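After this come two complexes, each holding chain A, first together with chain B and then together with chain C.
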Partner chain A sequence: MIENGRISVLQMAILVYPTIIATAILLLPAITGDQAKQDMWLSPIWASAAGFLAVFLAIRLNNRFPDMTIIQYSEVIVGKFLGKAIGLLFILFLAHNCGVTLREYGEFVKGNFLEDTPLAVIIGSMIFICALAVRGGIEVMARSAQVFVPVVTVLFIVVLLLLIPDITPGNVQPVFKDGIMPSLKGATVAAGWFLEFFVIAFMLPFLRNRKKSAKWSIITVVAVIITMVVTNLVTLFIFGALTPTFTYPVMEAARYISIAEFIQHMESVVMAIWVGGIFIKISVLLYITVLSTAQWVRLSDYRPIVFPYAFIIGVLGHWSAENVQELEKFLKETFPIYALLFLALLPTMLLVTAAARGLRSQNTDNRTSSDASAGKDRSK
Partner chain B sequence: MKIISIILTAVVVILITLYEWPSTNEDMKKERRTFIVLTGGGFLLAVVLIIFPNLSGPTEFVSWLFKSVGGWMTGE
Partner chain C sequence: MKNGQKGRLPLKRRRLKQQKAKQADKTAKLEPSVDSKAPLSDSLRANENTFRSIYDNSSDVIFRPFYIGEQVKALLIYIEGLSNIEEIDDSVLSPLIKSKADGDTTVDTLINKKVAVSDVKKVTTFSDSVKEIASGSPVIIVDQQTSGFALGLSKWENRSVEEPQAEMVVRGPREGFVETIGVNTSLIRRRIRSPKLKMKAMEAGEYTKTAIKIAYIDGVADQSVIKEAASRINRIDVDGILDSGVLEEYIEDHPQSPFPQVLSTERPDIVSANLLEGRVAILVDGSPFVLIVPATFYSLLQSSEDYYGRFLIGTSIRWLRYFFLLISLFLPSLYVALLTYHQEMVPTTLLFSIAASRAQVPFPALIEALMMEITFEALREAGLRLPKQVGSAVSIVGALVIGEAAVSAGIVSAPMVIVVALTGVASFTIPRYSASAAVRMLRFPMIFLAGTLGLLGIMLGIIGIIVHMATIRSFGEPYLSPMAPMKWRGMKDVLIRAPWWKLNTRPRFTGETNDYRQADNQKPSPIRGKD
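== the complex of A and B ==
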């Protein structure tokens, strides 16, 4: 097998949690608030259905093909040619997604802290560190996540606690002013983030013990829901209807913190949270992109292509948007459908086809005819 | 200015190659080929983007694609 490292289910959960949360806590409150208004705290709960769907699909597919990732089993399920085509599209999607995430990081740091630094330097230094982590393999990434995630979580809780003196819980009213629809509309964007839970499909084959994978994946989804709901509530309590006017509401909220004129400038803590979280997120995305490519061309080792890939992702990050407004527009309008297509519809199609043809890992030789039911779709 | 950017990009690509090439050996033909394609492709893309910075990116392409398909499906 291409990856010799093995991780535990807990390590998988610790890797996936920041992969969803890192960008979500900063960008989502504003985007959700734009449509859901004062019901924005409900949106993550609706959107979590997408997270459960992604986990369900990843685990079900993994049950059928325990030692394979989507790149490998798509070839088994729909035949070599179609499988390769799906794999290539998936790799392009992953690379683009990684580039967009890198750009989100670059725009955030440039917009808030390092105004005069060229974007290429900010992006380049981040992708270089991530490439080093990825080159170390999944175990190294899991261990670095074990170091970062607890620190990031504690710091985040500290920021939220320090915001308590400034909150106005009345901002949440009137609940359901225009019915349930605004919160559902706000949920579409959050659903895109929840669909990223499908990244576990690339980690399940490398688990030491797969028995508790479903349980821990669900715990992770719940942890993400709680984090998103709390974040949205806190920004809503502080800014009310103003939330959508900021790009990074949590950041702006942290600027408000001033306790006894001594504890101030907490935005640097938010920055630390973000950098720690996004490091894990970009590492995971880069890792699955590199791994997918290595499996797609059937390499014996993925390590030689990590740095070239990191370079390409860096260029893609630079290329993926003109400015932060364009990036936000993409995340708001296109990303939900984009993610739905690749992280839900495509896996559903593969799972239905595999089930219809009764394919499992042992009869890998049976890849002659592609089934007519490939086009069939199934909702949750 | 553009020349300097291109030279810097070339330096990065050469450094990557110098660092990673020795980790492959004669038998790893496929690995070497993939490495060359990815590194060369990345370098070309970077150079093209330095010369034409306003080239439409993948994000615009995806947005355009979904918009056209959406428009086609709703009959607009």
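== the complex of A and C ==
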């Protein structure tokens, strides 16, 4: 195996949760609110269907090919040439996705806090740290996530609790004013985030015990739904119809926090907390990109290409959009279809083909032993 | 890497190579080549000559020839100051000299019938004899015999057992380890009397021949950790090990890390507690610091007193310590970040008073913080190194002068002095010196990050530190365990100090040998039903 580390299902859940949520809590309220208005809190619930679909696809494909990622089994399913082509497309998608996420982070920090700092510094410092984590392997990322995710989650809940004095629950009415359609329209964007659950396809082969993977994946989806609904509700309670006018409604909400005139202007703290989450997200995306590439060109180790790749992705992030408006437009209009194509249609096609041809990985033992010997060569 | 491996001949072989080169070079003065592995011969004269050539120019080695029963020649060899001379005279020399003239003088008879010493060891080779003599046991060789015997009568000056100065407790045992390994093992053995307590003897150092002992409890400690420790010590091939700190650097997993991956302590009760938890202790002769492996980050933040006091208080003290660990790592950088980038977060009145005191200061907050922190570290270091009589006076005067005069002269602001003082106090709450040193060192890059990127910089620094800590392991144990990877049964000794009657399982590491350390349901309860 190219990756020698093994993680538990809990660690997988704790890695995937911030991978979905980190950018969603920032951008999603405004984007869904644009379409769904006061029904925006319902959109994540509809959109979660996409999450369950992605989990279903990833786990079904993994059941057929337990020790392989999509890069490897696409070659088995549709043949070497077509499989390689699919793998290449997938790698390009992953790298682009990682770059865009990095840019989202960069735009957010630059736009709100460090106006005078060059974007390259903000992006570069983050991708460097992420590359360090990725170089450590999936175990190191999982352990880092186990430190950050509980802390970040607790602090996020505290921030939401501190906002309680400012909320107006009446903003949620009238429910279903224009029927179900607005909330469904809002759900299309949220679905893009839920489709990212397909990243578990890159972690399932490295689980120590695969038995509870379905259960924990579903728990993670539910946790993501709850977080998104709560975030949307809180921003709706605070801003009402104004929500879509902000780019980062949660951050605007954090400016309202004022306890005893002493704790105030918490937005920088919220940013710092959020950086802990986005770090996990970018690390996971960078990891799967690097891993896919290494598997695609059949390297025996992915570590040597981490830093060069991180540099490329930093540049990609820098080029991915002219400005924050263009980025937002991309996320709103292009990304749902983009994600649907790669994270739903492509895997569905692979799964259907594999099922139709009755393909399973029979020579698992051969694979692992040859990979193990490759690993031994490296250690020498 | 590949170039490095070429140069990595074992030291012994390199020495041999050097010696050969010297022999080839006729001008080099040859050391008397004595085959020390050779067995003793039956001629006393030949043996004596060999010993004398081994101990050439060693004026502290005493050769004392004498006759057993006025007939058989014998020779006593010992090193001045390492052996108990009165005991040698009373229990060995006088019975041997006064013994009957026609007695049996084989070594075995002498050991069994003549020598009134409990610890006697037969030696048959020169190397064994030299080893015994060096460790303070006088060796007696007898004419016509191919063996001699070593008497365990070593005695030298050593420090008495006293309270360790670096690890004070209010409640708990006050004994500390000393520089003699025999005393140290006895301090542990006195606490754990079961024969399951094992002490594996090893040796390191080409010239120092330092005695090393690996202590563990059989059936509790993880065999793989014991094996790993032994193999790492065996691998060491150096001139000398003078302190356990040197050994630590040779056996730790990640030498480049600022964090200590081996726990070192002067307290026998801490070593015993860790042995009972399934860890392995490494004792080094000549060092009062005993190493404990594997060490996790949280074990460096535990004090023995947490376990001797009430658990509620132990838990709150532990939380206080965690909080002040964060303070000592982040307070100066937070101050710099807030003043430089996030003034809006500081409450208005506080901001005014800080601004007023900073009005005269010519430096930006980053430079001010770096300057003051470096000064504080220098004061602390000076306070440590100065002679005891002036040390505390100088550090107080230095602090007063720098605190008072620098503020009134407008070089630094008063809030910065407060921040630095608080950081200094906070760093003393960390019970392990090596851990607090790591935190103190990491403070400086954090200040720098805060001064360049504000709170984002601090967060990136935190992420960097956490990623590093998630990477390192200590003898197979992840450094952040039991938090990451999460192990619930370890957490009850990390997040809180659970009451003793709740700590049923060992906070175990990689091997799951002997899970339970006490019976269930031992919670005490009051007598009920009485009026």
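The criterion applied here is as follows: the second predicted complex is superposed on the first by the 362 of 380 C-alpha atoms of A that agree within 3 Å, B and C clash if a C-alpha of one lies under 4 Å from a C-alpha of the other, contacts with A are read in each partner's own complex, and residues count from 1 in each chain.
The rule is simple: a residue touches a chain if its C-beta (ideal position, glycine included) is under 8 Å from a C-beta of that chain, and two chains touch if they have at least 3 such contacts.
All values reported here derive from a predicted model rather than from experimental measurement.
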Chain C versus chain B on the shared chain A, clash or fit after superposition: fit
Partner chain(s) touched by A:S213 [first = chain B, second = chain C, both, neither]: neither
Touched partner set for A:A133, first chain B, second chain C, both or neither: second
Touched partner set for A:Q146, first chain B, second chain C, both or neither: second
Partner chain in contact with A:N62 - chain B first, chain C second, else both or neither: neither
First, second, both or neither for A:F113, with chain B first and chain C second: second
First (chain B), second (chain C), both or neither touched by A:G99: first
Chain C versus chain B - closest C-alpha approach in the superposed model, Å: 7
Residues of chain B touching chain A in the complex: 12-13, 16, 19-20, 23-24, 28, 30-32, 34-35, 38-39, 41-43, 45-46, 49, 55, 57-59, 62-63, 66
Chain C-facing residues of chain A, complex: 8, 10-11, 109, 113-114, 117, 121-122, 125-126, 129, 132-133, 136, 139-148, 261-262, 264-266, 268-269, 271-272, 275-276, 279
Of all residues in chain C, those that touch chain A in their complex: 341-342, 344-345, 347, 453-460, 462-464, 466-468, 470-471, 478, 480, 483-486
Residue ranges of chain A touching chain B (in the complex, touch as defined): 92, 96, 99-100, 293-294, 297-301, 303-305, 307-309, 311-312, 315-316, 318-321, 326-327, 330, 333-334, 337-338
